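Please go over the structures that come below.
Shared between the two complexes below is chain A, which has chain B as its partner in the first and chain C in the second.
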Partner chain A sequence: MSIADSTQFLCFLALSAAVLLGALGVVLLPNIVYSAFLLGGVFLAVAGLYLLLNASFVAAAQMMIYVGAVNVLILFAIMLVNKKETLEAIPGLGVRRILSGAVCAGLLGLLLRVDFTTPWALPGPVSIGEGATIRIGEHLFSDYLLPFELASVLLLMAMIGAIVLARRDVFSSDVITGEGVDQGLIEKARTPLLLEKNLQIQPVLEKTP
Partner chain B sequence: MSLSSLFALTLPTTVPLQGFLAVAAVLFCTGVWGLINSRNAVRVLMSIELMLNGVNINLMAFSSYLDGQLIRGQVFTIFVITVAAAEAAVGLAILLSLYRNRDTVDMERFNLLRW
Partner chain C sequence: MVIASAFSPALPLPPALPGLGGASSLAVVSPGLDLESSFSSLLEGLGLTPAAAHLVWLPLPMVLVLVSAVVGVLVTVWLERKISAAVQQRIGPEYAGALGVLQPLADGLKLLFKEDIIPARADGLLFTLGPILVVVPVILSWLVVPFGQNLLISNVGVGIFLWIALSSLQPIGLLMSGYASNNKYSLLGGLRAAAQSISYEIPLALSVLAVVMMSNSLSTVDIVNQQTGAGILSWNIWRQPVGFVIFWICALAECERLPFDLPEAEEELVAGYQTEYAGMKFALFYLGSYINLVLSALLVSVLYLGGWGFPVPVEWLAGALGQSVDAPVVQVITGSLGIVMTVLKAYLLVFFAILLRWTVPRVRIDQLLNLGWKFLLPIALVNLLVTAALKLAFPAVFGG
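== the complex of A and B ==
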């Protein structure tokens, strides 16, 4: 599959514009829900850039992991911590923004100077094209086997750690009756702990069907 | 003059490597600015994801242009995506825990470790 070079360049321009404007929107928009959806658009445009670079497997991985998992996770976090609060003003916030903007612009200038003045060793070897997925598989199971297995251990640790960090703390035993309540809060319809200490629990249990 | 020949005259023949690197640089710097200046903790996590995507574009561009046969940059990009997913999960869990304890997502009020 090869599309004409000029079409490829136009696609690059459009995707770059989408990435950069979307990133600015993510950082600058006041409503964070719009920011989260724009972040999904940025991820999609980056996947398009990967397709322009002959990397269909990484583009698919970007779609599934970033758009499908990370962005949805961020949206869930926004829903869970959705609280309208007015941030109190901080003295010197404008000065701080301008200073950090200057630092970031300096970093950008440095990176662009390196980009446009370094004599890159172009043209490199011929791109592998459609065989990229096979080559990635060979890499993952030969010379990158140890990082691959470490990545699986890292994902397992991150999953368990996220569950432990985000679960709600419940008391291991009821303060009033002394019985274990870990599963009882979920399975039985009973009043939550420590809400009304004087309420009799037994009639509540009998009333539930 | 047809439209395609006009494009062929005015546009460069292929996308240069420097174009991809410039996009990645701008994306990374935008992420750094957002990371410093955001007051909502969720937006800080989004800025980190932007920075990681800038790094990934860099790796993919070098892999495609300078290392076309052994595409080691693509393998590194897959590892970076993996670590980014783990980082997002743990970061959002920490954020939820902080929100339950402090009842706010304002970064300026997360000063538990200030001496």
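== the complex of A and C ==
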């Protein structure tokens, strides 16, 4: 085994261990912030696996989208709502845990079966390495054009949804709680909510049924 | 721990990413200095196998770039002190060494000997990991900075994209240290830093995309090669003036330099996510921000100012002096000239950044986000569109 091969093998072992342990940590750790940071670690380790497969463009994209965008947004969401509160004990928690563990084990069994029954071609196709960027671009604009466009429509929908949720002055009432909301509090200098708890906020428009 | 270990395999890469000198097959202009091949042949002359010679060679460029990055920080800190003094009509440091050049070293030693404090209610593990996660991506990004045709650690095919991806990792470290400090100012600073760097990454990437479109490659070496030929006239800044300004503004915002240093705005947040940090952990933040500044300046010079190119093409100069470009002496001279030009351009930009820091007031957070989302983003999109149109209309000038 040459030096390059053994280095590659060691990297593969380290990255796989990182992915497995990190994923277990994401699921099992009680602290949600640790879970979120570990999730970033798992994404990074997956990017490292892509690098080992000579897919550097995919690795960089994985790093940028999953770690730089998705994971940062998850962390943002956690830190903006990170209130210390004692959660009530859920009835039948043990049974729930066993059931969800059984579902996961079943999924794992199915995946393992697929893994063992598929006739893998060894060694696999030769990677094209640096030419991958051009190849990905060609595919995105020819045979994968429709999925590409559909994905962008999905993102557009998510964006519109976010705007609707953020700009609630469009609606007379809160979408979730049904209470009247006053967007003016955020945008204009008005008496803060915290000072006057008993202040009744009139809905801007009529409540929709 | 998982996050830190995930970084390490990125350096010893499989054979697809050779060390210094991997660009020789792509070189279209002049092959330039290829230090690796001469070093390897020297070692093989001493009786080593090619693989062993390669192993001996591998750490050299990495260590060299790491050392030059840290020395670059020392120089920048000294420049910052001297230029800020000049702006405010003071003298600045003058006792530590001639003109105070040893002052940054004294600063570093002071930080080294300070007590390493972890606040009692802080989260020790994340508190330690945060600064590391901020520094490591910045140092890794030096992988793609070219100082000459073959003078870079690795001519990765995805070059500039790798830098963008790595710089998007930084907010995680900032959020981590902001959260782990268990301090409201730290948390606010961390959230601000993450919001800022996410919003300014998009116009930054779009302006890089316009340059990439002109050079048909993500590799930094190819981007510089596309700017050679007519010396200063062929630099990208003439074809991408808007992109240059957008890139520089966004780079300053990503580095959290003064017009945009809201994450650590003293009047509002004490020191933002750095509030609880002391000693070497604080030094890592400090180091990271200055390495990032020098790195951004280097990348501006690579993307827009012709990288290692001399304002007059060296081929013309060599021809006028009756020398062949491939002669060993000429190669050494042009190679050193390339390094000097890259560093000179970068430090002109660093000078400009320091001058900006000491003359311009800080923007407000809403102004910052408005500038990013409502001004820079549309302008960057229009710039991309216009570049595409110009590339179709004048393929000879805009790299068809």
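Criterion: the second predicted complex is superposed on the first by the 161 of 209 C-alpha atoms of A that agree within 3 Å, B and C clash if a C-alpha of one lies under 4 Å from a C-alpha of the other, contacts with A are read in each partner's own complex, and residues count from 1 in each chain.
Here is the rule we use: a residue touches a chain if its C-beta (ideal position, glycine included) is under 8 Å from a C-beta of that chain, and two chains touch if they have at least 3 such contacts.
Note that the structure is predicted; figures quoted are calculated from it, not measured.
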For A:81, using the defined touch cut-off, is the partner it touches chain B, chain C, both, or neither? Pick first, second, both or neither.
first
Considering only touches as defined above, state whether A:95 meets chain B (first), chain C (second), both or neither.
neither
Touched partner set for A:68, first chain B, second chain C, both or neither
second
Touching A:60, do we find chain B (first), chain C (second), both, or neither?
second
After lining up the shared chain so the two structures overlap, which partner does A:121 touch, if you call chain B first and chain C second: first, second, both or neither?
first
When the two structures are overlaid on chain A, which partner does A:153 contact: first (chain B), second (chain C), both, or neither?
neither
Output check: A:41 vs chain B and chain C. Expected answer is one of first, second, both, neither. What do you get?
second
First (chain B), second (chain C), both or neither: which does A:52 touch?
both
Chain A residues in contact: does chain B have more, or chain C?
B
Using the touch definition from the top, say if A:108 reaches chain B (first), chain C (second), both or neither.
first
Footprint overlap on chain A, comparing chain B with chain C:
4, 7-8, 42, 52, 54, 57, 61, 69, 76, 80, 127
Would you mind writing out the residues of chain A in touch with chain C in their complex?
2-4, 7-8, 11, 14-15, 18, 21-22, 25, 33, 37-38, 40-42, 44-45, 47-48, 51-52, 54, 56-57, 60-61, 63-64, 67-69, 71-72, 75-76, 79-80, 127, 129-130, 133
Touching residues (chain side chain A, partner chain B) in the complex:
4-10, 12, 16, 19-20, 23-24, 26-27, 32, 35-36, 39, 42-43, 46, 49-50, 52-55, 57-58, 61-62, 65-66, 69-70, 73-74, 76-78, 80-81, 83, 85, 87, 90, 96-97, 100-101, 104-105, 107-108, 111-112, 115-116, 120-128, 132, 135-136, 139-140, 144, 147, 151, 154-155, 157-159, 161-163, 165-166, 168
Listed in rising order, the residues of chain C that touch chain A in the complex are 2-3, 5-10, 12-17, 51, 55, 126, 156-158, 161-162, 164-166, 168-169, 171-172, 175-176, 178-179, 187, 190-191, 194-195, 198, 201, 218
Chain B residues within the chain A interface of the complex
4, 7-8, 11-15, 17-23, 25-34, 36-43, 45-47, 49-50, 53, 56-57, 60-61, 63-72, 74-75, 77-79, 81-90, 92-97, 99-100, 103-106, 108
